[in-house]
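In the two assemblies presented below, chain A is common to both, partnered first by chain B and then by chain C.
Moving on, here comes the complex of A and B:
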């Protein structure tokens, strides 16, 4: 008779992680997927050719911003997004948003919105498609010229987010105009010609040609977004919520509001990291923030006056104050 | 006399932030790696803190999610929304 002896044999993997991660952590220990997806991912040596359109720079060049960091990879994304988690999270958010839109459409809730308020909403919300498109271009610009995958991976995700946001706003427009698209044409016309939008349009166009990519990061993600999202989704929304059907507008703009709250966590972490690095960085960021937040507040003032009437000035002041408070927490100002 | 309490988790990507949080919050923890699982022994008391896991995970963590990675426990459980504690008291 033979006896069978069952043994477990434990096999140690020869390596627990990739070389770039092991060099960073000084040990061959397993790292998170997020770390693996971005640490030292970007090429930083042996650039053979300089770009012919800008021969003063290498293809990737730290000198493209005045900000200096000993290690750009300290600017981690607190959400730890990489390709898979980004897509999973966003698809969940978008599913929720689509459900809200479908609900509103099925019940014909748009027809319950006070006619005057519906016109106002179209006039302040729909032109923001073009603001989002500008933000999409700016995120791509940052991704293109930024240094370090820790920063440029989330900025690339953001570019996708902004395009998605423009689409979401377009869907709201289609909901309000019975799928004819007329409201979107009117919104384009308002963005191009209506007097209250011209300052904002100029500001977006000015931001498109900012050369320092971190100045652009501060301008778009902290200053302009802080003012625009704060005004539109808090103050404008609150002004309509008591009107008949005002709640419907709140429902369909829930997606931008939750997205912005999530985005804020990441933007704050990046800026906080840069500001904490050195007094020089803090000075630069403070200057950019002061400049762009003032311009953004001035540019949104005519829109706020149109929507809120006499309360416009107070709303802009309140949003600016809240944004300055947020900036102070990041070490700016 | 001190007795060990222990927790055994799957060695997966989902469990990694939990394991790291336990290591950070329980300095006396002895972490033993087995194929596909990780057993953590601590004298007297183990605490798993929601905030510590949230910080490592990058999103809000619900302590009940621990059960998706849990293989075995040793100790009396005391849990609320913020902490999951194993001890012999």
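Moving on, here comes the complex of A and C:
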């Protein structure tokens, strides 16, 4: 292969990156944009005042979780997202999702979905916009109380993602109800009052008052999401796929499903890093995971029963087992 | 056929109603911080969403902006864009920006997440979380933009470490620490309204215009790119204030107290900008006084007229700011000129052309009060006695600026104010700062005052050199006069290399 080379005038740089990054690299060499965007970004000393709303803590305070890390910046994001790459990736994902929704709308494909299945889908999928809103609040809380930009940058991105997921589910509702919003009102009513949703709503409300931010990370991102996404996007979806128009539902929920796969890579990396740090951390994370995953499985059981009937119990058991398997790989006993 | 939804309806359907009144846990436990300040909100639904941005639109909009911005940043680095700036002295404004402002963008990102999580109205909560993302954007894009300058210029390499330690950087740090340790509504009044709405044209705009005037293509591109974010933040600030004032009459005196405080806190922080505009920029945009008149007195005056119908008055200390406008930058420059051996940016003797500009912009004060001092220092430097002040200055307990400001009605007498609290004496630069302390002494007695900390032995040692090393300063490069600095030498060398390369073609 022939290459051409354009001559540029090169000036010898006096240094290649910021001092903190050179110290971490052990040498002054060119740094990635990801590293420069987040390493040591959070203030860690010499805070001037204590919060008048929480005087027992500093502005940022390691004591806000029982987890201990020698260096919180080892919890890197395998996606290496910073603001620019985050938004560019999400805009590409959402454009794909919009094309799918537009395709379904233009062809009137929603009307091809088996009427009974359409009602079922509305009953399990649309209340999840509130689950996503709860996840949004929890991601904000982790961003608020977390330690170190390595973790709190992606948790802020997650907050945006969860609001985006809630809004994507809302769009699916509007697709089903011809933009009247009736399906969203009904879903909210189900979230507030339907017996099969109350355990899940209680669990989400309980998560909103969790004080330890890393417990919240495990509860939301590993336990609750693991159960809910596994059930909804694998088992519930699979139950409808053979029905007339079942594929339409698969198609419009492709975005959350793809997003969740990507999110899982990051969640697993963070938890794996924390667990590998010490036996103490591993014990804490294992305890939190056991508690929240059990509760999440129990909370989704009535929803699974309603969607899958006699197969509900088996689906919940299968999702729980798969999640425990995933947790084991992360070092959670 | 499905009915068409307007933007407003679509936003409402997709966003409103996502939240719910919790019943398994009490709302007050889920939202523990939005009542203690005494602010009363009766109807969160009365909040008018000014932007109606859904996440899908946000991602697309921001992605497009980032693609364009990073194309410029890349090409700037590839083509040695730093050689195109007006004068290497300009870079000192950029140093001040990354040391003093970028860390605040990060703080804003974290605390807007706090606000978004902790106020129960979904409209402002969504606006606040988008601002949290935006502020992260600003911190990260500023780092990426300025990263190239760091490869060639001094004073940038330890911006993050310095922000938490260096004496003059405790001015911006304590400002933002003050805001985030307040309740959520005071924070919104402080940052979204007082700072973003009322004073942003005096911080963000001068830095970005300074970049434009001085050939800093990278920073100015960032500035343009951030403009639409900033407009959103300003609108949020105004909407929040109006909303709270409309919700309950009892909110009016609380907000008035916060406005009085944060106007002065913000104004004192802008001292650094005033100095940047009048002294650091080789090519000037306008004088500090002109900027103050245009952006505060005219625009702010109209705003306070508008807010009068709620019973809000202009902050009392605005009268003092008016009196100081023709001396603020010169008083600040005097402080930094004498302490530039302990600062991570350069100062220098002011040339005749620059003095003539100052005399023209400040006819009542410059020739009479400040020119003689600059002339004297210039002579001293020429005689090999460049003046550095080796005594540590007394700092104001609230704004943390060395006590170099003068009496409102007498620009030749330093202004000292004092309060006693639990048997200890606290010192202030002004009635404004003293008033802030007297309202909340238990907060400001906690201040991490750099000079006190040095004397207490918490900053690396007893000598100035020990302290500067603890700051991670490269002595003789980051600090001292511009004249004779490595940057001064490299600048000529780079240009010689560049012109040789051109000649060779």
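In this text, the second predicted complex is superposed on the first by the 323 of 333 C-alpha atoms of A that agree within 3 Å, B and C clash if a C-alpha of one lies under 4 Å from a C-alpha of the other, contacts with A are read in each partner's own complex, and residues count from 1 in each chain.
Methods note: contacts are C-beta pairs under 8 Å (C-beta built on N, C-alpha and C of every residue); 3 or more make two chains touch, one makes a residue touch a chain.
The structure displayed is predicted, hence computed values, not measured ones.
Enquirer: May I ask you to decide whether A:100 touches chain B, chain C, both, or neither, giving the answer as first, second, both or neither?
Expert: Touch partners of A:100: none, neither chain B nor chain C.
Enquirer: So, A:33: does it touch chain B (first), chain C (second), both, or neither?
Expert: The answer is both, since A:33 touches chain B and chain C.
Enquirer: Once the structures are superposed on A, label A:163 by its partner contacts, choosing first (chain B), second (chain C), both or neither.
Expert: After superposition on chain A, A:163 lies in contact with chain C alone.
Enquirer: Return first, second, both or neither, reflecting whether A:112 touches chain B, chain C, both chains, or no partner chain.
Expert: neither
Enquirer: Mind working out whether A:286 is in touch with chain B, chain C, both or neither, as first, second, both or neither?
Expert: Touch status of A:286: no partner.
Enquirer: After superposition on the shared chain, which partner residues are touched by A:59: those of chain B (first), chain C (second), both, or neither?
Expert: Second partner only.
Enquirer: Looking at the overlay, what does A:278 touch: chain B (first), chain C (second), both, or neither?
Expert: neither
Enquirer: Decide which partner touches more residues of chain A, taking chain B and chain C as the two options.
Expert: Greater contact footprint in residues on chain A: C.
Enquirer: Report for A:11: first if it touches chain B alone, second if chain C alone, otherwise both or neither.
Expert: In the superposed model, A:11 contacts both chain B and chain C.
Enquirer: Do chain B and chain C touch any of the same residues on chain A, and if so, which?
Expert: 8, 11, 33
Enquirer: Of all residues in chain B, which touch chain A in the complex?
Expert: Spelled out, the residues of chain B in touch with chain A are 13, 16-17, 34-35, 56-59.
Enquirer: Show which residues of chain A lie in contact with chain B when the two form their complex.
Expert: The touching residues are 8, 10-11, 30, 32-34, 77-81.
Enquirer: Report the residues of chain A in contact with chain C in the complex, numbered from low to high.
Expert: For this pair, the touching residues of chain A are 8-9, 11, 13-20, 31, 33, 36-38, 40-53, 59-60, 82-84, 87-88, 90-92, 94-95, 97-98, 105, 129-130, 132-133, 136-137, 140-141, 143-144, 149, 152-153, 156-157, 159-161, 163-164, 166-168, 170-171, 174-175, 178-181, 184-185, 188, 191-192, 201-202, 205-206, 208-209.
Enquirer: Show which residues of chain C lie in contact with chain A when the two form their complex.
Expert: Interface residues on the chain C side: 1-5, 13-15, 17-20, 22-25, 29-30, 32-33, 36, 54-56, 58-60, 62-64, 66-67, 69-70, 78-80, 83, 103, 106-107, 109-111, 113-114, 116-118, 126, 129-130, 132-133, 136-137, 139-141, 143-144, 147, 150-153, 156-161, 163-165, 170, 173-174, 177-178, 180-183, 443-444, 446-448, 453, 472, 486, 490, 494, 497-498, 501.
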